[in-house]
Every structure is written in structure tokens, then in C-alpha cells.
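See structure below.
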């Protein structure tokens, strides 16, 4: 099995069933370093649904991407790292907790086989399942969360503990996130309650708001993230609403006033020395990304940068 | 409180927060004969989500409708029947069974107060909750189901008993539907399994496929529906995928080859002598109905005809 | 100046600034039999605006059409009738009455020069201006109105006498429509007031509802229209909401349950022996016709059939 | 009557008919400090119509917003300021001057009762009506105008004095704007005539172009605005085309090259010590904001910041 | 390798990379009876491009379809016929003739291995390549063409012989179509030149216009098609513009006034006793099919019926 | 013939068939200094087609622009430079090389008559044809290329030498570009092959990546461009994918992470002392620019700045 993507100078990108970046489909996990896995659930979404269609929407735009990353020395990422597209986890629409269990099972299989999972959400509730799966192999994880919302509320409608708004409180409670090495980046906008400001801090997270991020400067922030997570296996979760709605309109809960795509990619490209053991890109809602699908393209580009970060490990 | 809609010759339709047909909002149930109630859940949807936004999408297009129904003698429907918009039931995204319980509670309040509930879905799973609520007051119900799918499968993903594909098996099992007075109209298209053909018949339903419907003729079918349900309180559920996707593109699970809007409305306008104690219009997915929102307009028009059918009781 | 359209077998349709059917632009009126004129006003619209963009939207799709009409003996319409695109009348947004005056002036210039004007609306209020202009040359007109609404209300918001809902009462009052030779075809749907049913009849119009139209049969109706208007110069106004929203989604005030495109075109192609002195196609709202623009294509096709009807005079 | 918004952690945002930020609907003005009022007119628009649908489009996205504003000390805005949604003013489509009169009447009722009106346009012509209404209570107003165009032309088509392009010349002529304490911010792009550059200056306004704004720096500009308007009751009008089309695509007359959403919100959040007696957000054209509705979300976010500015007064 | 589609009652349809009807991907041709093959070229399109994205757009909606066909005795089509998805042929954008050569090569491999190819276009020029490939194995073919245009022009722009408008003249000239057993169904609309009417007849085709089709009646037409093609291996080509734009908006060259989806499917389901050796569905232009993708759904449904026709052979 | 655009204060912009900026259509070339020419080809596009519709899409939004350019001293551009809209070159869909020949012929006629051609693409392959035409009059050209991709690959699919990805290698090989005075600005994103980095440098171009552009600063870069091209007739080609997809979603091959519209326009407005003999704006794909058409507006604004740059020569 070739482990290189199909060459888009030889056959047009639009030919064939699209896998992520035209990578081969995984027929077994043997010999692989990493795998793409779709997590097509929107059962945890409090606002716009549709993230169940996100994995294939990201794949469809990822065919635009090419294998050489000039921001990390011009390496061919897929010569360094053997990556395949492992398809999607199964889900149970309308049954969030069963869905999380199924996602955990699918991701656990990858992690146990020594692969780094790269998840394509799905709403942000799926990250809890991934964290459970990856922590089972690697122990408590340093979380690097790019997001405009902290997602550390205690419960949502009818007191339910699971939703896209609660995973990073649950993860601390379950001992699978080590908040003392974790950092949340990009918070902004209006809040539900006065103690929203402090709830992440109270859990032990470091919080860098969008305003603070620009005050600190992106290169300094990149270094700071490495320092914060040093010595820990890290999981990076990228909620697309981190980015301003102008550049990422197709998300579940857009929040006006974020960084643009250039700033976002510059930050990710400046990251170094992260012991990345898992990552995801979540919250794409393809129905709100029509017709140009620029959010899906950005999601694919972010994912490609995260794979390059891992290849650079 | 006025019980008549705002007059769209006096103030433009687009002025003000839209209620169904510009009816007054219900501040109490007293003195009302019927109420509109939104059921904004898509937790039961196996394919396209978004029906949580359907109640307000239907309201937004219902402002096109006027109170006089020329197909039932030119009556002013709202002089006959005092109707208000009762807002939406609460729901619990990602928790289908809790959602059904909350919907049942909300609809039960209407039925117990003697009102006829007119529900705006929501995916088709919500109808089970409505049937439970209405049957609690009226006893086992004659079901009149317009739909391209029978929705009588036993279970869906992971063996779950509740979804948009199962309510009309559950309703029979729970004794709230009397299948011997019930009828399913409009089935068509490909099937999952050989016994799909017989599963509704085995439960006791009469089934009229789309092809059979046109062979029988619409006026004869209308008479037949009245005969089938005679002597029973009836609940009419209208799944918008009954209609061809050309006229109803914005649905959860479109099925090519259905009747058009004119045929659909002709059939509904020909219905008479139904002891209607509840009704709903379900499965609108507004994100797939842009920009012209013709499915929402049709949904509103169908609902107005069902209210007129009730006013004509 | 050539009077034939550009040949779309020789240069692709999408080349060049689009005129109606790729006809030449009128540089003078001399030698012309008829002219296309855009009437880009939506100041009379009670619901969806945007008809100001309709003339160019119709032109953009009209490039699909070819000059030979096989439904009238395979004639090359533009060898029979010298037609040019005369551009658009000027309008005054926000000032409906001044807008009507400017439209009247522009159309009057065509009619006085002996041309048959073919207007592309604009909301339906523009037809009053056209009728005034054409009647100035031809005297009281037989009106042939395809429409789902009668547009014969007395006044709209704040008692204003001019709007898309009133022109065919005003036209009778002003003596420019002869209602005894006029006919309204396609009325359907809910009504504002009990006397809506009778208001057109009281003015002297014949009214054929959508239901009546199908009962009568389309060929019989075509003959009946000719008989009704016999002996009078006729103006044919085609409101696109005559057609079902499935086939004409991009209109100001869609009304569910109309004829489809095939039925509509069959009726128009069956018309004969009409002394057509003017016509228009109105109420396209292009923003609601995206992305396929099927309403604009239908509008252009209807207009081409009306020109062929005139060529066949 | 509760004066707090519905809690979106308790019931999902998409439940119920949407008012601005899920605030209560005003049943009387008593006890209120401020009110939201929709101004659904596009009769003054020289280009894209559709702003008549803007008030409800802004409401629909405003449900994303939460009551705590972390940019002004974490205050719960609605504990400081009692605000309700007062519905929409009536309008007369096609009759701009009558429309302005009806809007003035509606806003005057709020101002006279001591409330600060927060208007949701509507094209920019509606601001003249608001200024008339508010000045009747407060006297000549300091205008703070965010806009890419000055809107100080003398007349538009056919010499008409009223349109979205003229209100801020009319306001000075009528003595309801005090230009010596007023400021226009954000002008850019091509111009109609050489004296366009000077026309606002000649009227007495201070003008800060987009380029000048960034040269000055946003914090300095915020201070400057306060100084310019000091000692005067101020009306702030926010035309969404101030923002770059990437972040605000859904406007009447987009102008390339403006600030992004982050810069825009930073400027508004830096404003202090303004004696705000009225404000509006105008020129949203929802049909051009599909499907993600990011302009409506930004409009709602801007409005929430303006209410917070007033609460901070 | 399983030859049955993934069961959509067990795992949700939206899970996994979509193949046609969730069929297995072909890893070899051995043991297969038929194969789906995408033909992603729009280099022959004279109007709307985008058909290069059609194969994956059809796959994406085909996941709605289920394996049991109730219109042919309730057979499980894929128990009768072993079918796999063979991916896409390669193409050379901007070089139509090289593209046709590459398509021919890909389809020839299927036909030579004894498989029936089911092609998903692509614009209609691709059918010439398929005919060449299939005729190489089966000899001159009976063509069954559903289309609103005859596509028998001699040449297009600059005298070029290949385009979506010429394949069925070329096929006769090349001796790969036997016109005396061939039939074109659905022609309608305006024409380029007077001899357009006769050009297909002159080549030897039978032509059934849309009007003639309804006069004859659909069951009679189905029988007639079988009689016309009797004794010959048949290739069925389905141009989606055969259908009215209301039901098939997303096509290259829409033509108002065609049959609806129900009539179309009824005709295909009535076909029997055709010796089908190849088929295609062409001319989908997905960018014009948003957001509901009803044309892609119809395309997939038509293809499923054609596979069932072959299974019923 | 007037050489000034129609005044949009006198007649609304939306009236009349749209030419670029409402300029007169060229009836002859005499007396003109420059001409707009549409180049409606997408036969060279390796990804999204649709650029054939770009010239008219740019015209449709260009009506927003006004003749006075305040960034170059408030000049009325069209009093300095007599410009007309020369319509579109003919093209041969599916035959890229013949298309390039037809475009070259059309542009050569302008250049030979002493006009500066301003081309509206079309995909980027059209620039090669323009360069051939302009170099025939002016000799080897200094190329100023704004683009996120270098477009200097040797060949694309099946070894073909012509495509949107190859023109700037071909131009050097043909001797019509002088690379030693040429500059490529804006490259970014992932690459096909390790030597992608060096291929433009090897050809002799100067390359300024997006990152380098911001490090250098926009005013310095503008000066540097003038210095690099000094002494040579210059052709400026603007590929809209230079801009970030947030501001230019409607392009053939979007690339995340570019400059925004304000930065882009600032750079163009800072350009001076360029001996501009031709220019184009390419790669708009209007189907992906709906509904707000902000890419088309930006394309028109860029073109207006390029005309102003020429007027300032």
C-alpha cells in the first residue's frame, strides 16, 4: 500500500472518492504512524446542527492541499509520517452518551496500536471521547484548546452533564486532563454568568483571551504553549469558532471578533516542541459554509498543519 | 385579547415578531379552541438535522397566509375557532427520550385543557410524544399519516427503539394508536429489507402507496380516509417528504417521485368529516430550504388547511 | 443593424453583455416592430423586494433561448418580427407614483412609435403604468391576467391606492381596462376578506381559478381567452406567482398549489388569435431564485412565447 | 414581568419566538430604561433592497448573545438597564416620506416616555426619522456615525430629498444634528463627484476616513469621539457597511476595504463617557447574508455593545 | 469482499466516505457483474460548467437509497447483480478529445471484463466515449436517449466536432450507434435552426418529443422503447435536463416544461425486456443544485432504477 | 459618444444592461485610451470551473463604483483616460489552445490600436494569451503577479503544457516575459514538490511570499515593485486567490491565510511610476461567490484601481 497521497499534478483533484488529502484508506493499522478519523456527531450541539456531515466536507476540500509544508523546512510530511484515512467512527444520533462510547472505542483502537489519532468532528462533545481514549494509553493529557468559548460549564439543558459546552470540566473531573499543564486560547464575547470568567481558572486551566493573545504576540504565545505543556503528552483541540466568522462562517456557534485565517495559521506554524499524541478539528457545520466552503478548507489546512507539527515532533 | 390575526392589508406582513399566521401569542389557555405549538427537536433524525429551527421557519413564512379559506365555503377560520400561538415545547438536544418526555408534557397541557394541538416539528420522532399526550385525553387514536416512509421499523442504530423511523410501531405497541382505524398514505421508493413491504400491514395499518393513491383518485381517497377513521378521534400527521422534493426540498429525508403541491392540497381540501383531535406537520429542515423557503410556505399552507379542517368539524 | 439574435452555435452564449435572447440593443426605434423594456421597480411590493434586479436576471437566463419556435410552425420569430432590447425605464426608488410616471413615459414612447412593448417587471404595480401608456395609443384594453392573486384590492397600507395589490382596480377606474373583455386566470389560496371572492367579479372581470382552469382543460381555456378578448386590443400580464413555487420559487409572493411549467407553457402555446398590443412578465425576485435561476429561465421562456404569439398575430 | 433574558443554559436558544437577545416583549413602557425597536423599511435604498427583513434577522441571531459583558467589568447589562423588545414600527412600502413619519411617531413614543431607543434598520433613511424623534425630547444631537459613506448628498434620483444617501445633510438643515459636535468615521472608496470630499466638512462634520482611523489608532479615536461629543446628548448610528464585506457581506451597498469585526468591536468597546440617548444599527440586507448570517450576528453583537455603553453611562 | 451495501439501519448513512449507494469499492473486477464509474468532465459543456464534481455529488446523495426495489417484485438488486464502485476515470481539463480517450480506456476495461458499466457524468460529451468503449465489445448499439435536446448538431464553436451537443451525430457516423433501433425521448423548447427539427430524423433516429410522450402515454412508450431496441444490445443515456427544472434545477442547460420526477420514474420503472449493456446519467451541475441537492438525489434514484432494470434482464 | 460613465445619482445603478462601471460600450476603438475586455474561459482550470461567467459577474458589481479616485488626488479617472467596455473575446470551450488563440487575437486588436487592455478573466491561463498580444506591440514585459500560487509548473495532467498552472513558465520560455524585471507576490500554502520552492527563482523571477510581504511592509513593497519593473513596459496580473478566502471566497483555487481586502487595496493604491501597458483580474468563479458577490465587488474595485494607476501614469 502506498502511503503517499495521490499526485494532483497527475490526476485532477476532483477525480475519485475523496479521502483526507487524497491519502490512502486504511485497510489495516499496521505500519501506520497516524490516522485520520471522522467523528460525525452533532448530538451535543446546543445551537446549529449539521456537524455530522463535517468529516466528509473537510475531506472534500482537503484535496486542495499538497504534501510539502514550506513552514517546517519544506518537508514532505507523508514521507516522515505514514498516515492513512481510517474512515469514520459509528455514532448513535439522539443518544449522546452512547455516541461518546462508540467514538471512544474507535479512537482507542488507534491509540492502542500506537497511532496518533487526528479526529475530524463533530461538535465539541466528541473531544471528551477522544481524550478518554488517548489518556487510556498516554495518561493524563496536557490540553491545548483553541476556542472562543471555554466549554467548562457544569451542565446544560435539564441538568445534563454531556454536551458541546461541558467536555473540559468533565475531562478534569475524570482525571484525563492535567489542567496544570493545559491552556485555553481565544476566549471572547459575552458570557452567561458572572462566574463564567473564573470557572476555567478555578479548574486549574490557564486562559488566554483573544485580546490577551494579541497583546502577548503570536510568536511569544507559541513559545508559551510549548512551555506550559512541556513534559506532558499533549492533545490539541481546535474549535473552528476560535477564528472570526468572516473566515469561518460554517460553525455551530459563531462568535464575532476573532483572529483571521492568516493570524491563526501563523500561530499554528510557530508551534514547536509539542509532544502531540492526538488532535482534532471540530465544530464545522457544512450547511452554513455554502457555497465556497472556506471553513472546510480552513479546517483541512489547520489539520494539515497539525499533522506537520506531529511529523516535526 | 384579540383572537384574530393581524391584518396584512393594514400593517405589512414583515412587521413584528412572527407568530403563526400572525395569530396572538397565548398568554393563557382559557377561551381557546386550539393552539399552535412548536416542537423544535432533531434528535431523532437519522439523516439531515436542522428541524430544531423548523417551528420559527414555518412561522416566518406563515405570515403569507390569510384567514379566509375559500375551499371550505369562504369561512373566516379564526372566527370559527379561537387559536393562539403557544410558543415551543422545551427540548434536550442529544437526549431523545428526555426530549420526548418534555414534548409530551407540553402537549398534554393543551389537550387536558380541551384544546386541539397543532404541532410544528421537529423530526418525526416528536409525533410519538404528541400521540401519548393526546391519547391520554382521548384514548386510542386513529392515525392518518401522510409520508413517503412508513416509519414502522423496530429499531435503528445500536438497537435504539426511538428515532424518526420508529414512532408508528411504538404507538401501536403502546396502545395509543388503533391501527384498525389508521391509514398510511404516500409510501414509495426503495426499501431496507424484503419485509419492509409487510411490516405496516402486519401491525394492522392500511397502506396506500403513492402509486395506489393516484390509481384510486384523490377524491375517492379523501372519502376513504374518512370512512377508515370513522368513529374514532383522529390524529393527522403530515411528514413533508410525502411531497415530491421539487415542491418540498427542505426535508430530512427527501424521496423522489411524490405528488406535487397542488395534488397535495387538493387531497387535504377534500377531507371531510374527520374527528380531528390533534395534528402536526413535521420534518422541515430549513437549512435545505434556502433561499426561497418554499417548503416552509407549503408547511404553513398545509397547517392552515388542517386548522380549517378542524374548524369545519 | 442586424435584427437577428447572436447565434449561440457560433459564439458561446455566455460571451458578451447579455441582452434579451442576445437581441441587438435598440439604438433607435425605427424599423422595429417590438421592443423589450426592463421595468426595474420593487417600490410597490408588499412582501419580498428585489424585483429591481429582475430585468437583468431575465436577460441573463434568456441567452438559453433559441429563435425557432416549434410550437407555432417552426417559424423564426425574429424574421417575422423585428425586435430589439430597449434597455430599462428609469425609476425613483421609494417614490412609487413618480416611478409609475417614469415607466409610463418610457413605454408610451414605444407605443406611440408603433412598437409592441414587452415589459420585464418589476413588481406588479408597473403594469398600471404600462396599461396607461398602451391605452393612450390603443384605447381601453382587454386584460389577460395570469396570476394567483387578483390584485384588485382598493388600497394597501395607510390607505395608499398604489401597490402591487391594486393595479387592476385602478385600471378599471381609470377606464384603460375594459373588464367586460378581460379575464383573470389562476386565482387560488387563502383570502384577506370574505368579499375578496367577489371583488373582481363586481368590477366586471371574468375570473378563472386554478381549480376551474384544470376543470375546463387548457385547450378549452385558450380558446375561451381568445373569445373573451375578441375585438379588443389585448394586454397580457403574466405574474410569475401564477406558477407553483416549485417551478417559480423566486417571486415576491409565492402561493402554493399552482400549475407547473409544462402546463403553463402548454396553455400559452395554445393561445391564438389574440390582438396583442403589449405584454409583460412580472414579479421575479432574483435573490430568491438562487442558484439555479429556474424562475428567471421560465420568465424568459414565457416572454419568448408571448413574442411568438405576437409574431403569429 | 421579568426584565431578564431567557437563560440559554436552561432552555435552548432556538426555542420560542425570537426577541432581541431573548428579552421580554414590551407590553407597556412603564419601568423600562430602553427598548429595542425594529424599523423595517427599505424604501430609501438606492441599491440592494431587503432591509425590511432585517429586524427579525437580527433578532434571530441575537439569541446567541449572553447578558454578561466582560469588556465593561463583567456587568450583567440587564440588571443595570431594564430593556424590552418593543416590536416594529409600521411602514408604508413605496412611500418613503410616509414611512419616515410613521417611524418618527413610534420612536417619539419611546423617547417621550424617557426610554433610550435602540433601532434596528432598515436602510439608512430611517435614521433621519429617529433623529427627529429623539431631538424632539433632547434637542440638537451630537451624531456619531460609523459608515463607509457620508450620506450627505443633497438629493438622489429625480431630485428627491429623502433616501439612504441624504439623511445627514437633512438632519443638519433641520437643526436636529449639531455638526460641530458630530463625527463621521470610516469613509472610504470611490466617489461620485469631486466635491464629495468636502461636502461633509462644509456642513460642519468632522470626518475620519478608514485610513485616518488606523493612523490615529483605535484607542485614541475612541477618546476623540468622547471629546468631540462632550456636553451633548449623542445619537450613535452604525451602518454595517462600515465593516469590510468579508465580515459584513449582507448589506445594501458594500464597500471593499474596511475594518474587520475584531477591530470594529475593539473600537466600540473602548468608547466611554458618551451621553447616549439613542442608537441604531442599519443597512442589513438579510438575503445577501445567507446561509451563515454572520452580518446579522455582527449587527446583534454591535447592538449589544451599544446597550452596554448606555448601561455604563 | 462483501458485495452488499452497508446497512443504513445499522450505521448511519453519513458515516464513512460515500461510495455509490454505500457499495463496496472495486479492488478488482473479478466476480463483478457491473460497476459504477464516475466520468468527471465538463470540458464539453457549452453553458454551465461544474459537471466534473457530479460523480461525487451523486454518490453523496445515493446513500439515501436502499437495496430493495419494490417496483420489480421486491428484489434485492445487489443479491441478483454483483456491483461495485470503480471510482472515476481520469480526465484532462481543457482538452476534450484527450479526455474522451481516457474515458474510453477506463470504460473499455470494464466492458472487456464482461461488466456492465454505469457511468455518472460529466457533461453529455462523455457518452460518446462510453459508446465507443461498449460498442468495441458488443457491436453497434441501440441508443435509448432521455434528453430535452437531441445533441445531434454537426459542430459547435469554431467548427469543433466534439461537445455536449454533438455526440449522437458522431456515434452514428462512427457506426457505434444503430439509429434504426435507437430512440430519442423528451425533446422540447426552442431551436437553433429550422432543420433542427429534422436532423435527428435524417440520421435515422426515432424522436419522441415531450408532448408526444404524454400523448402516447408512459406505459405505451415503455413498451415501444423495448420494441424499438429489440434484438440489439442497448445503451441507455439519461440527460437530467429531460426532467423539468423544478425537479432537476442543477443541470448544465435547463429547459423549462419537462416531466416531473414521478412521471420520469414511472416511465423508467415500466421499462422491461431491454438488453442493457451500458447506461449513464449525465449533465448534473452540482453548484446549481444547492442546498437541497434534489437533482443529485434524482440522478442517484434514476441510476438505481437502471441498475434494477439490468438486474431484471 | 460620451466617454463618461452613467451617473448613479441620476439614474439608479441597477437600470440598464451593466457594462463595467457603467462605461459606454465600444462601438469603435477610435479615440480610446483603454478598453475593458472580458475573457470568459475556464478551460484551463484544474479545480473549480465557472470563470466563464466572471466577466459579466464583475460588470454586475462594478456598477457600485464611482469615477472619482480619492487615493490619487481626487481625479476623475475617466476625464483623464478615455475608456470603454469592449465586450468579450470569443472562446472555444474544451479546446484550451484554440481559446488562447482567440483571446490573443482579440487583445492584439486593442494593443495594436494603442489601447491599454484591461482583461477580466477567466482562469489564469488567459493571461498567457494577453501577454502574447501585448508583447507583440511592446516587446518583452515586466510581469507584476499578485497570486498565492506561482503558476510556473512545467505541465499538468497528461503532460499538457497549457493550464492555469503553467502560464508564467511558458511566458518566460516564449520570451514575452522578462523575468529579470518581474516579480511574483503573495505565494503561500502547501506545495506539490520540494522544488516548487525554487522553480520560479530558477526561471529568474523575484518571489515575495505572503509572509515576506508583511515583513517588508506594504509601502516598501510598492516602491520595490516600481524599482523592479523600472524601464520596462509592465503587465500586472491579479489572481483573486492572492486575497484570503474570507474576502475572496469565489475563486477557482482558494488558499487560506492571505491578506484581507484593506491590505490588498492599500498595496495597489501605493503603487506608482509603473509603465502599465496591460492588466487583468482573473480567477473569479461566480458560483462560489453567492449571494453577496463580495469577490466580484473586490475584483471590480481592484480593476478600478488598476485603471487609476494607468490614468496616473
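Should a chain be cited, it is by its letter among A, B, C, D, E and F, assigned in written order, with residues numbered from 1 in that chain.
To be clear about the criterion, a residue touches a chain if its C-beta (ideal position, glycine included) is under 8 Å from a C-beta of that chain, and two chains touch if they have at least 3 such contacts.
Composition by chain, UniProt nomenclature: A, B, C, D, E, F = Agmatinase.
Computed from a predicted model, the values in this text were never measured in an experiment.
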Select, from E-F and A-F, the pair of chains that is joined by more C-beta pairs in contact.
A-F
Relative to chain C, which chain's C-alpha centre is the most remote?
A
Can you check whether chain B and chain E touch via the same residue numbers (shared by over half) or via different ones?
different
Taking each chain's centre as the mean of its CA atoms, how far is chain D from chain F in angstrom?
37
Measuring centre to centre with CA averages, how many angstrom lie between chain B and chain F?
55
Multi-chain contact residues (two or more partners), chain A:
11-12, 14, 46, 52, 90-91, 93, 157, 244, 246-247, 260, 287-288, 290-291
Any two chains that touch count here, so list every such pair.
A-B, A-D, A-E, A-F, B-C, B-D, B-E, C-D, C-E, C-F, D-F, E-F
So in the complex, the part of chain A that touches chain B is made up of which residues?
42-46, 49-50, 52, 90-96, 98, 102, 125, 157-158, 160, 162-163, 287-288
Hey, which residues of chain F end up touching chain D in the complex?
7-14, 64-70, 74, 76, 244, 246-247, 260-262, 264-266, 291-292, 294, 297-298, 301, 304
Chain E contact footprint on chain B (complex, rising order):
46-47, 153, 156-157, 165, 189-194, 196-197, 210-211, 244-247, 249-250, 253-260, 287-290
Touching residues on chain C, where the partner in the complex is chain F
11-12, 14-19, 25, 38, 40, 52-53, 56, 59-60, 85, 87-91, 93, 287, 290-291
